[in-house]
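First subunit A sits with subunit B, and in the next complex the same chain sits with subunit C.
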Partner chain A sequence: MSRALLCSVLELRAPAATASSMRPCTLQLQTRLFNQTAAHIEPTMASSLPPAPPSKPRRDYGKMAPPKKILPNPPRPRVPTGPTTPPPTGPLNPSVRTLLPLLASQPGHYLSVHIHGRPYLVTEGDSIRLPFRMRGVEPGDVLRLNRASTVGSRDYTLKGEPWVDERLFECRAIVTGSETEPMRVKEKTKRRNRRVVHKFSKHMYTMLRISEVKICKDVVEVEQA
Partner chain B sequence: MSWFRITLHRSAIGLPERTRGVLAALGLRKRSQVVFHPVSAQFAGMILKVKELVKVEEVDRPLTPAEVKAERTPEPGFWLESYVAPLIVCWCKPRGT
Partner chain C sequence: MTVSGLPKISTGRNGVGAFILQCKKLNFHYCDWAGSSKGMNTFIKTLLPQFAAAHPQIEIVVSPRPRKHPVIVGQYINGRERNVCVKNMEPLRILQRAKYLRDASGEKVKRVNKPVQSINESVRGVWSPYHGNGMAV
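Then we have the complex of A and B:
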């Protein structure tokens, strides 16, 4: 039974109630019961949402000023843009002085270059797939490789201790792009548990092409420079 | 003031709790970890308790963890001589990321 009808029924049961004691709403309800119908108002979005709480600052600093944003250190460049250590100076080993011109005069040369400490045996025209994606390089960038542990030709080998002198060779590589491995799935599960999680991996690798391998022939010039 | 440079060379797996406690007191959690402690009788005593597991060196100043990490990081072995502008210009990310 609607509230309006109930109110009216109660009023009829207690007719002794005076006008002053009567609740104003019942009068309204009684009048609405017969003469009016409640207007149906479409609820707007704003009215349907709960009222927004009053805005309050998260932390009350009181009299202190809010802390200033501490800026991090400037980001490191992803790839070095110059030699990380200064080139070596000083005289060369006498055996290098005598035999390097012979090594350089032979037709083919190879180097064991180290990229992030890992050796790659290369010669001119080789393609290397690095076991990581080199950040900060785009296809077409030229990298100068300056860490070699071995430089050799058909009959001679120059072994570094631990590195061959940088001034004695030039090795350039061009970044040709990056490739991905085939998608591999690792199934992770526990014994006597039916739930199997599948983890997908597809790593990217940077490709380099060794564009230049040059061994310096003028040892005297290197020493004087 | 000189410092002990202590490197944990042998693992503490399978060793008694007392020995593990000494390593914890020195701050050594993993193998090949390096910690620095000032030279004093207390630290010398701790080192002697685990002398078979650690390698010790006396140095002038302690290195920060970043310096210790930089020590064992290999050189890059290359540098960028020249670069080309990218063919597809992406406004969202900076070049090379």
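Then we have the complex of A and C:
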């Protein structure tokens, strides 16, 4: 009874101050190109609706704890800012200078790209299922893979020691989403003990599609750059 | 001998040219009476508008499903559906589940042993005993 009175008293006292306390919540959205056609993004609902009438004041919680916030954390920057090695400079191996144009001119190429140290032998258009869920990526993000231990074609192979020079090839992968494995069960028990604990696992794995594999043809230009 | 083109069925490789998100529709079902739908109701009021604005290519439908647990049903381009029951979940956990449905491709969940899947022919060609260095005897 007293709480209802308190509420009505507050309402009478400060109707103008209430509008500012009930702001519509907005998050910074990163716009990304999902597909080649221009995306039509509807304006946020708050801007398209007519201005709301002044609403009732929030309940005075007094001794009660304020309501928990349920908004997620503000999104982190999309481009990773981890430590990156500087691009390689300097002259190339003479065998690379003479034979790379021949490698590049052949019709098919393969790369042995390394993601977190693990090699994947890929050609253009392959799909890779990584053995982990990559954090901070969403479907449609493009990754430039710069670590390759082997670049090859039908008759020529370029082996890196341990990595192939980054300037000599371009490999891009697009994140197509993530898949789960089927649920698996691990039974944990000890000898001569009838109690069996069942542990369930269902991991998620990021899927990539190699969208581009390009070997550079102009070696001289690469060396001078 | 007549010269003719080799018949080849064109296979789509999503991502090589253009990338199209496989999830085309998400249905969010809530209930006003069920206690298990409390988190879902809060999610629909607070987090769903931003999620929907960030994904203009997904059709999002919110409808009541009375006297049932709250559920999210995702429909994919290959015609299949995937559903997730979000009973008794917090709004942020429900957002995680919605993202899980968005990332899925709609294919049936299968165990895959090899990481790389390719339809291209081998680059170096199939081994033949008549070409190359041969076997030293």
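Quick notes on this structure:
The rule is short, and it goes like this: the second predicted complex is superposed on the first by the 142 of 225 C-alpha atoms of A that agree within 3 Å, B and C clash if a C-alpha of one lies under 4 Å from a C-alpha of the other, contacts with A are read in each partner's own complex, and residues count from 1 in each chain.
Basically, contacts are C-beta pairs under 8 Å (C-beta built on N, C-alpha and C of every residue); 3 or more make two chains touch, one makes a residue touch a chain.
Values in this document were obtained by computation on a predicted structure and should not be read as measured data.
Of the two partner chains placed by superposition, only subunit B is touched by A:Arg135; subunit C is not. Judged by the touch definition given at the top, the superposed model places A:Asn193 against neither subunit B nor subunit C. The wider contact with subunit A, measured as residues touched, comes from C rather than the other of subunit B and subunit C. In the superposition on chain A, A:Ser95 makes contact with neither subunit B nor subunit C.
When both complexes are overlaid on chain A, the residue A:Arg147 reaches subunit B alone and has no touch with subunit C. In the superposition on chain A, contact of A:Gly117 is made with subunit B only, not with subunit C.
Look at A:Thr85: by the touch rule set out above, it reaches subunit B but stays clear of subunit C. When the shared chain is aligned, no partner comes close enough to touch A:Gln224: not subunit B, not subunit C. When the two complexes are superposed on chain A, the residues of subunit A that touch both subunit B and subunit C are 138-140.
Within the complex formed with subunit B, the subunit A residues making contact are 78-85, 113-117, 135-147, 172-173.
Listed in rising order, the residues of subunit C touching subunit A in the complex are 13-22, 42, 46-47, 49-50, 53-54, 56-57, 90-92, 95, 100, 102-105, 107, 109-112, 115-121, 123-125.
Remark: subunit B residues 74-84, 86, 95-97 touch subunit A in the complex.
Across the complex, subunit A meets subunit C through its residues 25-27, 29, 34-36, 39-42, 44-45, 70-72, 108-110, 120-131, 138-140, 152-154, 174, 176-182, 204, 207, 209-211.
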